[in-house]
Every structure is written in C-alpha cells, then in structure tokens.
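There are two complexes below, and they share chain A, which is joined by chain B in the first and by chain C in the second.
Entry: the complex of A and B
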C-alpha cells in the first residue's frame, strides 16, 4: 500500500512540479508581504495559496483519467476484489500531498523576512431597512465575526439640549452612552453577529439622527499569527472535495476531468457567501432559486475559504457543526467511492 | 471502464449547470476568482502609481474606482479623489478656471457616486468639504456649493474624523459648534476651516 500511495503522489506531483510549487509559494509571499512590491496583506497570501489545491484537484482528475485509459481498474480488480484498497490509496495519497502543500504554505506565516502587516480593520456598509427617528433596524447581510463593531455617526444638530445624557439601547437592554462629536462604537453580541440583524433605539427620544451613509461595520483583520489557523481551515475546505472527486469518478463512473470540474462547481457553490436576495418571478428568478436551493443543501462552510482582500468578513464565521457536516459529506463520498464491490472476472 | 450511468451524468450536469448559472447571475464566484482578483489589484496598483506620476487624472479616477471594486479598501480611491478634486483644481496648477472647476466637479461626482460603499467615508467628507468651500465656491459662487461643503464638514466632525483618523479635537469642535446659534453655525465652520485651529492642525 505505501508503494501505491507513493506512486500516486509521484504521478500527481512529478519532481519538476515541486520546483514550480516552491517558486509559486515564493512569488505569493513576495506579492503579498513585500512592503514595496506587494499588497502587504495576509488575505492576498491566502488567496494565492488557494490556487495550489485547485491545480492538484484538476491534476488528480487527469491522472485518474489516464490510469483508466491504461487499464488500471482491471488491475485493481485482480489486486483487490473487495474494491476499497484503490480509492483509499488515492485518498491517502492526495491527503498527504494536500497536507504537505499547507504545511509548506504555513512557513511564511511563522518565518517571514518581511515585516508583518500592521493591525487594521475592514469597514463595510450596512443597510438600514427601516428607520424612524430614534429607532433603527440594521441588516449586516450575512453572519459576521463576533469581534465586529458597528460604527454609528449621530447628528445632534436638531437636538434642543445636546448636553443631556442620551443612550443607545438594543431590545435586550444593553446600552451605551452617545456623546456628541464621537463615533458610537457598538460591539456586536454573539447573537447579533450570528444573525446578521439588529435593532437599536435612542433613549430618551430627543431627535438624534443617524447619518445613514456613514454607518459602517468594523471587522478587525486577522493578524499573521492567525495565518496557520486560516490555512488549516482552508485545508479542511479542500479535503472533502478530493473525496468527492473519487466518488464521482469511481461510483459515478465519470471521467476524471469531468469529475474534477463537478467538484470545482460544488466547491464554488459551497464557498458562496449566503446572502438574502430579493427574487422576483420569471425564469431567471427560478434559476436563482434553484442555485440557492443547491447552496442550502450544502453545509455553510464559506468561512473556511476566507481569502482575498475582504477575507476578514468571512474568517472564522463557519460554525463547528457546519465544518463537521462538510467533513461528514467528505467521509460519505469516500464511503461511496469504496462501496462498489467488483467481483473478479474470470 | 463502463460508460457512466445516466443518473450520474444528470447529477453532474445539474451541479455544473447551476454553478454556471449562479456565476452568470452574479450569485457565485468560481474558486480561483480571489487569487485572480488579487493579481488584478496588484497590477492595478502599479498602473495607478504610474497614472499619478503622469498626472493622468481620468485614468487615476478610473483605476481608483477599479481598486475599490476589487479590494474594497478604498485607499487608492480616496487618494485619487483628493488628487483630482482638490489637487488638480488648486491655483498652483494654473489651470483655466473652467478647467479647475471641471476637475473639482468630476472628482466630487465620482466621490458622491461611491460614498455609500467606500470603507472610510469620513476621509471623503474632508475632501468634499474643502473642495467645495475652497475650490468650487470661489469659482461658481453658488450658495448651495458652500452649504454642501459646510454640511460635509459638520458630518465629519460628528464622527470625530472617522475610526482611522479619529481626533478628540474634532469632537470638541463639534460640541462647540452645537453651542452656537443655528444661524451662526455656517460662519463658525468657515472660521474654523480657515483659522489657526483648522482641521489640518488638529
């Protein structure tokens, strides 16, 4: 079995590909962390790293297709009539390659010749669906990290006596004092962050107005020390995709390349941030509804693939139950890939 | 290997078709889009610096907008607005008054278009206020330009300059402004913009 795993790893990542991988990793590090040349952002690095498992996915699909055309399935039947040895070998080989990729990708987070990006935060507009004077209903569009803060700019120009104490309160009684000329920083409670919706009102009602275009959600950007954690989450996103690839190929009997494209499509849907959309009627709305239905059938794991310039919005938003569900889906796929028992043909 | 069963083919086609439809409807992004956007923003930034050095203002604005769309960070956008609206209309550039006014209005129109989505609108308010009061109003002599500029400044003070450039001095100015009678408030704002305690000194 170790020889078969080694052979698959060599097929999927030939020796000269490793040079390409390390060169790509070096380029990603320079383009992301160099103070003059790069974007100076961890999100950028995570985005570049996510290319490697995608390349591996398609390469693996191609290797499986080549092996099929070379008659490997027939040899497998002769080698193991129970039929689970070959898929397990493929899965372990691919998992090892994926693990090596992510361990190597973590190195620049631990040892980086460039200065770490300074602590910063991302700011996102907030929709205020309904707002009478002194009462506001905020829609954050999706679940946000629990460390987020809502920034409110209040206009006091219509208040008769700006020196009186004014409080901003939520329906649960949590309140903060509002001071003229200061940005009100409202830290989100875990429930508000998870739900992505919240309501606030001012107490007493003195005519304080919220400057709606200036309302922002502040989300701290993860620092370099959280890089390995985010890479581990990215690993957990891609890992089940490889099991799904094997299931499509072995159980569904699709060609390797087509299986890889199907997994790519599934991964794209799983990585789609869920947003409330206002759907009208018509054929396009029906199509959009079907896309949403398929998305809802998958566990909400978009937080695992937090990468790019807006990664702080998604980072660490996937619940443990969703991650477990995604991994179970992978395990189920692996079981499906192993399930078929093929008797030896005389 | 036997040909794939019909059910597997139908399922794979459905998944692929829905993912493609989601992409065409703008609901999904294919995996690999973010690294591509990262590379695009990197190249965009190189072109932005070149456009700034060349004083190519339309390109500067377009690239600033593009960066805002790609990264959502808005640093290049804020700088582009500042260079075009406030910088290019400065008397030191010796543009014809109509040209200076045109640059200022172009920058302000772009800012207004994107103000609800920029990450740091308080920086935009500062540019808007000073451009309207110091550049546009002396050329256009329209009262609404002056009022809009002063209104933007009051909004900026109300948020003490925003989270990244927060200053207690701005909050104190806002509280002093609230103490002034409503009819005297525009004059107070004008005095503070031009006086020794102007915002640049805080």
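Entry: the complex of A and C
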C-alpha cells in the first residue's frame, strides 16, 4: 500500500507543483506579514493558505477522472478482491498531502522574519431585540469566541439619583457595577458565548438606558501563537471533504471534476455563516430556504475555516460535537467509497 | 467450485442495451485447460469477457471463476505518463498476493513479452504493438488462475505472437481466448466453439 500511496501523491502533486506550492506559501507569508507590502494580519495568511487545499481538491478530482479513463477501475475490480484497498490508498494519499500542506503552512507561524501583528480586536454591532428601559435582550446571531466582551454605553440622563450604586446583572446573578461616564465591559460567560444570546438588566431599576447604536461586541484577534491551532482546525475542515470527494466519485458515479465541484459546494455551504432571517415569498426566497435547509443538515463548522479580515468572529466557535459530527460525515463518506461498486447495466 | 475447474458458465445469456445478445451459453474450463471461442464482429465476444470479469452484470445464468483473474482487454487503457515497470509495480501492489516478490514478478512479466528493455520507457512512447505486449504482461502479473484474452493477437508482430504462444503454453492457468475466426488464434488454443446469435454455443 505505501507504494500505491506514494504513486497517487506523485500523480496529484508532481515535482513542479511542489515548487509552485512553496513559492505560493512564500508569497502568502510576504503578503500577510510584511509591514509594508502585506495586510499584517494572521487572518489574511489563513485566507491565503485555505486556497492550497482547494487547489488540491480540484487537482485530485482531475486525477481521479484521469485514472478512470486510464482503466484503473477495471484493474481494481480484477486485482483488489476486497474492494477497499484502492479507495483507502486514495484517502491516505490525499490525507498525507493535506497534512504536508498544513505542516508547511504552520512554519511561518513558528519562524517568521517579520514582526508579529500587534494585539488588536474586532468590534461588531449587536442586535438588541428587546430594549425596554433597564432590560435588554442581546442577539449575537451565532456562537462567538469565549474571550469576547460586550461593550455597553449607558445613558444616565433619566436617572433621578446618580449617586446611587447601579449594577448590571444577568439572569444567573452575575453582575458588574455600572459607573456613570464609563464604558461597561461585560465579559461573556462560556454559556453566553456558545449560545449567542444573552439578557441583562439594571439593578435597581433607576431608569438607565442603553445607547443601542454604540453597543459593540469586542473580540480579540488571535495572535501568531494561535496560528498552528487555527491551521489544524482548517485541516479538520478540509479532511472530510476529501473523503466526500471519493464517495461522490466512487459511489455517486460522478466524474472526478464534478465530484470536486460538489464537494466545493458542500464545503462552501458548511463554511457559510448563514442565519435564519425573515424571508419574503417568491422563488428566490424559496431557493434561499432550500439552501438554508441544506445548510442546517450539515454540522455548524464555519468556525473551522476562520480566515480573512473577520477571522476573529468565527475562530474557535465550533463546538467539539459539531467537529465530531463533521468528522463522522467524512468517515461515513469513506465507508461509502469503500463499498464495492455494482457493475453497470449494459 | 471444484479446485480443478477454473471457469463455469451455466446457461449464461448476454444482454446489451436491454436486448438479448447471446446465449444460453454453457462452458466448463478445467484448471490449466486452454480454449478458444471464435466469433465475428458484434457476436458478443467482449461482452462475454466483461461479464465473466464482473464489469457487466449477469442478467441470466450463472458464472463461477477461479481467482485471481488476468484479463487482456481488446482496447487497453493505460496511464500513458507512467513507465512500464512503474505501471506493472502499481498493478502488483493493487493485488493482494503477498507470497510473491514484487520486483521478481514484474521482471518476469516484462521478460515474458520481451519488454525488459522498455521497462523505463513511458507508456506514451510505446508503439501500438508494444503496448499490446504490455497489455499481455499485466494480465500475466500476479500468477492468475484464469486468463481471459480478448483478441490478444491484435497489433502483435510474428515475434510477439511467438511470445504469446510460448506464454500460453508455459502457464499453468486456464486460458480462454475470444477472437474472430482466421485471426491466427487457433494455433494458440484449441477451438471450443463459435459465438453466434443464431446458434448458441453449448460445450
């Protein structure tokens, strides 16, 4: 099996492709971390890196299509009596390539000639569904990183007695003192971050109002030391996609290229941070509902592919159960790919 | 299936495009036995071979074969970018024969059809005749118990035919050849019958 894995890896990544990969990685490092040329952000680097597995996905699709036209399916049928050697070879070969890509991509996180991006944070507006005086219901729309902080600007103009101590409290009894003229920083509890919804009220009810347009969610951007962890999560995002590619190609009888496009569509759907919003009637709304339903059928793993300018909003937001579900989906796809194919009806 | 029988076709009926093509066809091939089925164009030779190999479903009748199978398709498909030796090595590893030495098996297969000098040549650079020799070599790889040869004489020069004849004589596997009449295959194996839509072959 190692020989076949090696042969597949050579087919998918010929020698000149490796030069292209390393040149691309170098370019991604310069464009991401150089203080003059680049965006000087880890999110930018993660976005560039996510292109490599996508290229590999389409390349593998093409190689699988070529192999079909080269008569390999018949040879497998004749020689591989158990029927699962060839798909396992393909899966392990692709997994090894993906692993090499991510190990190489994590090198600039450990050893980087450029200065690390400074510590910073992203600030996001927050929807407040219910905003009667002294009681507010915040909707963050989706899970947020546990290190997030809610920034509240309070209006004290209606308060009769500003000398009185006022506390902001959540339903669990956790409370912080609100001081007139100061921004209230409310660190989210793990449960609030996971749920993406929270309620706060003032104690006692003295007429404190919330300046809603000024309310922000502060999310610190992950530092360089968290780069390898984020790359590992990206690896976990793409890994099952390669198993799905094999399943679509081998069991779904799709051509390699079409299988790659199907996996790309599924991956895009899984990575899309989509929210259920009120939709009007009509064909477009119907289509949007269908896409939303399909999205809901997939585990919420958009946090695995945190990249780009808003990377901190999604980073580390995927729950362990969602990641496990995504990996199980990959394992199921691999099992389907390994099931012996029936001959086609002449 | 008895160990002495390499192939059993029991009232096999072949279909193509939903229409009956050939049969019922019955055939018993003992281990080591060689045989040749003749048939004209469109008689169902390739369909028969692909059905025995399991590439096409058996709609009517029953097939039992010894394993492993070696198959020489009429129109071989190759990964043209690979070297002959690399291609055969990959095919060997695709099989599950752990008792054999890979290098030795590949070299034997190459020598059997005088391909040793072309071992490091990309398949794309081989002529049609040499590709047919490679097609034959891959079928002999891995010590098959049953060899199915679909018009194996195609594109072979006299020297190539001699190699093929010698390989068939030396092998301990059962061999079934399908080819048109007067194609020169009658000297490779005794004629078992003729495939014809009107006259089913019962042996």
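The rule is short, and it goes like this: the second predicted complex is superposed on the first by the 339 of 346 C-alpha atoms of A that agree within 3 Å, B and C clash if a C-alpha of one lies under 4 Å from a C-alpha of the other, contacts with A are read in each partner's own complex, and residues count from 1 in each chain.
Basically, contacts are C-beta pairs under 8 Å (C-beta built on N, C-alpha and C of every residue); 3 or more make two chains touch, one makes a residue touch a chain.
In this text the structure is predicted, and so the values were computed from the model without any measurement.
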Joint occupancy of chain A by chain B and chain C, clash or fit: fit
Comparison of chain B and chain C by chain A residues contacted: B
Partner chain in contact with A:165 - chain B first, chain C second, else both or neither: neither
First, second, both or neither for A:153, with chain B first and chain C second: first
First (chain B), second (chain C), both or neither touched by A:80: second
Contacts of A:54 with chain B and chain C, given as first, second, both or neither: first
Which superposed partner A:1 touches (first chain B, second chain C, both, neither): second
Partner chain(s) touched by A:213 [first = chain B, second = chain C, both, neither]: first
Vertex chain A; arms to chain B and chain C (CA centroids, nearest 10 degrees): 140
Touching partner for A:271 - first (chain B), second (chain C), both, neither: first
Per-pair minimum CA distance [chain C against chain B, superposed on A] in Å: 9
Residues of chain C defined as touching chain A within the complex: 15-17, 47, 53-57, 67-71, 73, 76-80, 86, 89-91, 93-96, 138, 142
Footprint of chain A on chain B - complex, ascending: 1-5, 8-9, 11-12, 15-16, 18-23, 25, 27-32, 34-35, 37-39, 41-42, 45, 70-73, 115-117, 119-122, 125, 154-155, 157-160, 162-163, 166, 170-175, 178-179, 182, 185
Footprint of chain B on chain A - complex, ascending: 31-32, 38-39, 44, 47-48, 50-51, 54, 68, 73, 121-125, 151, 153-157, 159, 162, 179-183, 185, 211, 213-214, 216, 218, 248, 251-255, 258-259, 261-262, 264-269, 271-272, 277, 284, 287-288, 290-292, 294-295, 305, 307-310
Parts of chain A lying in touch with chain C, wherever the complex brings them together: 1, 3-4, 7, 66-67, 69-72, 74-82, 85-86, 342-346
